[in-house]
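One chain, chain A, appears in both complexes that follow, with chain B as partner in the first and chain C in the second.
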Partner chain A sequence: MTSPFATLLFTLVRHRGVKGCMVVDERDGVIVDANLQLGVDGAAMAALAASVYRKARRAATAAGFGEIAFFELDAEHGRVCAAGRGGLVVVLVAENRVNLGLVRVEMLRALEAFA
Partner chain B sequence: MTDDIRVLSEALAIDPASTVFVQLGELLRQRGDLDLAYRIAVRGLERHQQRADAHDLVARIASDRGDLERAKAEWEAVLILSPGHAAAHKGLGFLCYRNGDRETAGKHFDRALAADPSDATLATALRTVRGEPGTGRSARVPTPPIGAPHAAPPHAAPPLAAIRPADPRTLFADVLGGAARTVLLLDGDGYVVAGAHAADGSEDRSALIGAQLSGVSEEADRAMRHLGLGRWSQIVFEAESASVAMAPARSGVVLVAAPRSVPLGLVRRILEQALERARRWLEHGA
Partner chain C sequence: MRFSVAAEWVELPLKQFVDEARVQLAVLLYPSGQVLGQFGFGRSVDVMTACALSAAITASSAELGRMVDGTPFTDLHYAGRDKQLFLGQVPIADGALVFLTVFDDESSLGLVQLFFREFCAVTASVVPSSNAETPALSDDFERELNHNLAVLFGRQ
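Then we have the complex of A and B:
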């Protein structure tokens, strides 16, 4: 059975350097749908990425900056991006060589499907 | 906190060998769930005997449970693994003070303060154990859990708050320019060390912004440890009214916030400039 997010995930995961993409429940970090390369630990990634995103969203709101549209975390061995709406978060895991600008636009566009 | 506990519990269930038990145990301890915190901490310690933070966690929970012998043994173990560990000295100082041994307590607080000069409670504790004027008989030595979980070991870079500039608020004045509204250097506890919020007549929200957003870097630290992505180098997010970028600087964080009208790429460049400025300032003290 195909989920409503399958096309969205496929669009994101086909970009160069993207290792996986998931739609995650922000509250508990559980995967709703995912398209992952072999070897990517989706469950742990979903739980922890959702946790960081949730923390950033709450902190930004508390600091007076309002709701977060897009979140990006760069690390030595990869990047994690997240964009959320309505309790769902699109989480993308990528290598450092990923075209971040393109991925960002695609993720923000993907959010419209959650409206 | 409940959400964090759930997420951490799930992460631990997925990977029982993970070190996430340290954060989970600490959150449970803070929530007052001492029995569960103790079980998780002890189980984690069995797998990670060489981790000073695991021993420290067990010590703090044991102290909260009134098991002072176990607490003492664990903090002593911490000092074997990480000589000069601030939290362990602080905890042992507290135990000595409770036993009426003010002299040894003072020595431990001295060493803790040397390792973590930014911990204001240690200076108070020292004055109290030495009976200096102004502390009074009713003055209390701060208990070890305060600020203890992430206290920096002695081999780490000196805490940011220990460096005292002439006017730290102006450190990023030229970096602020016309684009960024806020450039801050925060220490590991989220306190503003340098920089300012360009207020335009509105109230200065530097402290609030620093306190709220420093927690994001802690969460990122935790996530990176478990995801195997190495150390994080930059966090950027776009909120309704601002784009925010942050990067680690020694034991703290440099944070830039700019209106959404400022292109995200420019925000990142401002962050890089601010980071370089902060590094030089921390190295040379000017």
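Then we have the complex of A and C:
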């Protein structure tokens, strides 16, 4: 049976440089649905990315900035992006060569499905 | 620090787990209910109660698993309104230990499961080989049970 997020995930992973994409439960940090390349530790990524997202959201709220829409982590060999809404977070793992602007638009558009 | 251990080798994996998973309570025990180390408890009677209940739940869920699925159920997660509980089995050379942890919104099930996997790996690498030979219920079980609780709470 196909999950309601399968199309969304497929749209994101087809971009060049994307190694995987997941829909993660923000509170539990567990995978709801995922489309990952071999070698990506989905469970670890989901737990850690959801934790960072949750803390970033709390920090933004504490600072009076409102809801966080999107965040990006830059590392030496890749990027992790996350965007959330309604208790779910879209987490994307990509190489540095990914077209970040395009992926960002797609992720924010994907959030509309969570409303 | 609110750590106390009855066996030295427990300290490293337990501290690592608590530091990384940001849990509120953690206790490692034999399947018989005898405590090996704990974090977060203030009274020995609470540790004793947690160990007894954890051992009972582990035994019951294993038997239930055998009945309905042919194999024992291993890990258990319960999500309360504010706090959550995770009860897992830590494989060692010849058997398994039982691990109970309680956490709130500072952590998550995903983080607990992630660092529990690391906890299992570190524990398996530091547990003495003779540990696996410890009988589930030795002749002096009650004395050993009380001894470990006394060591944990400085009454030795």
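The rule is simple: the second predicted complex is superposed on the first by the 115 of 115 C-alpha atoms of A that agree within 3 Å, B and C clash if a C-alpha of one lies under 4 Å from a C-alpha of the other, contacts with A are read in each partner's own complex, and residues count from 1 in each chain.
Basically, a contact is a pair of C-beta atoms (placed from the backbone, for glycine too) under 8 Å apart; a residue touches a chain by one contact, two chains touch by 3 or more.
As the structure is a prediction and not an experimental result, all values here were calculated from the model.
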item: Side-by-side fit of chain B and chain C on chain A, or clash; value: clash
item: Chain B versus chain C as contact partner of A:L38, first or second or both or neither; value: neither
item: Broader residue contact with chain A after superposition on the shared chain, chain B or chain C; value: B
item: Which superposed partner A:A56 touches (first chain B, second chain C, both, neither); value: first
item: Contacts of A:D28 with chain B and chain C, given as first, second, both or neither; value: both
item: Which superposed partner A:A47 touches (first chain B, second chain C, both, neither); value: both
item: First (chain B), second (chain C), both or neither touched by A:L73; value: first
item: Identified clashing stretch of chain C versus chain B [19-27, 73-81 or 91-99]; value: 19-27
item: Overlap of the chain B and chain C footprints on chain A, listed as residue numbers; value: 27-29, 43-44, 47-48, 50-51, 54
item: Chain C to chain A touching residues, read off their complex; value: 79, 105, 107-111, 113-114
item: Chain C partner contacts - residues on chain A that touch it in the complex; value: 24-25, 27-30, 43-44, 46-48, 50-51, 54
item: Residues of chain A that touch chain B when the two form their complex; value: 27-29, 41, 43-45, 47-52, 54-56, 59-78, 80
item: Chain A-touching residues of chain B, taken from the complex the two chains share; value: 3-4, 6-7, 10-11, 14-15, 205, 208-209, 212-213, 215-216, 219-220, 222-224, 226-242, 244, 257
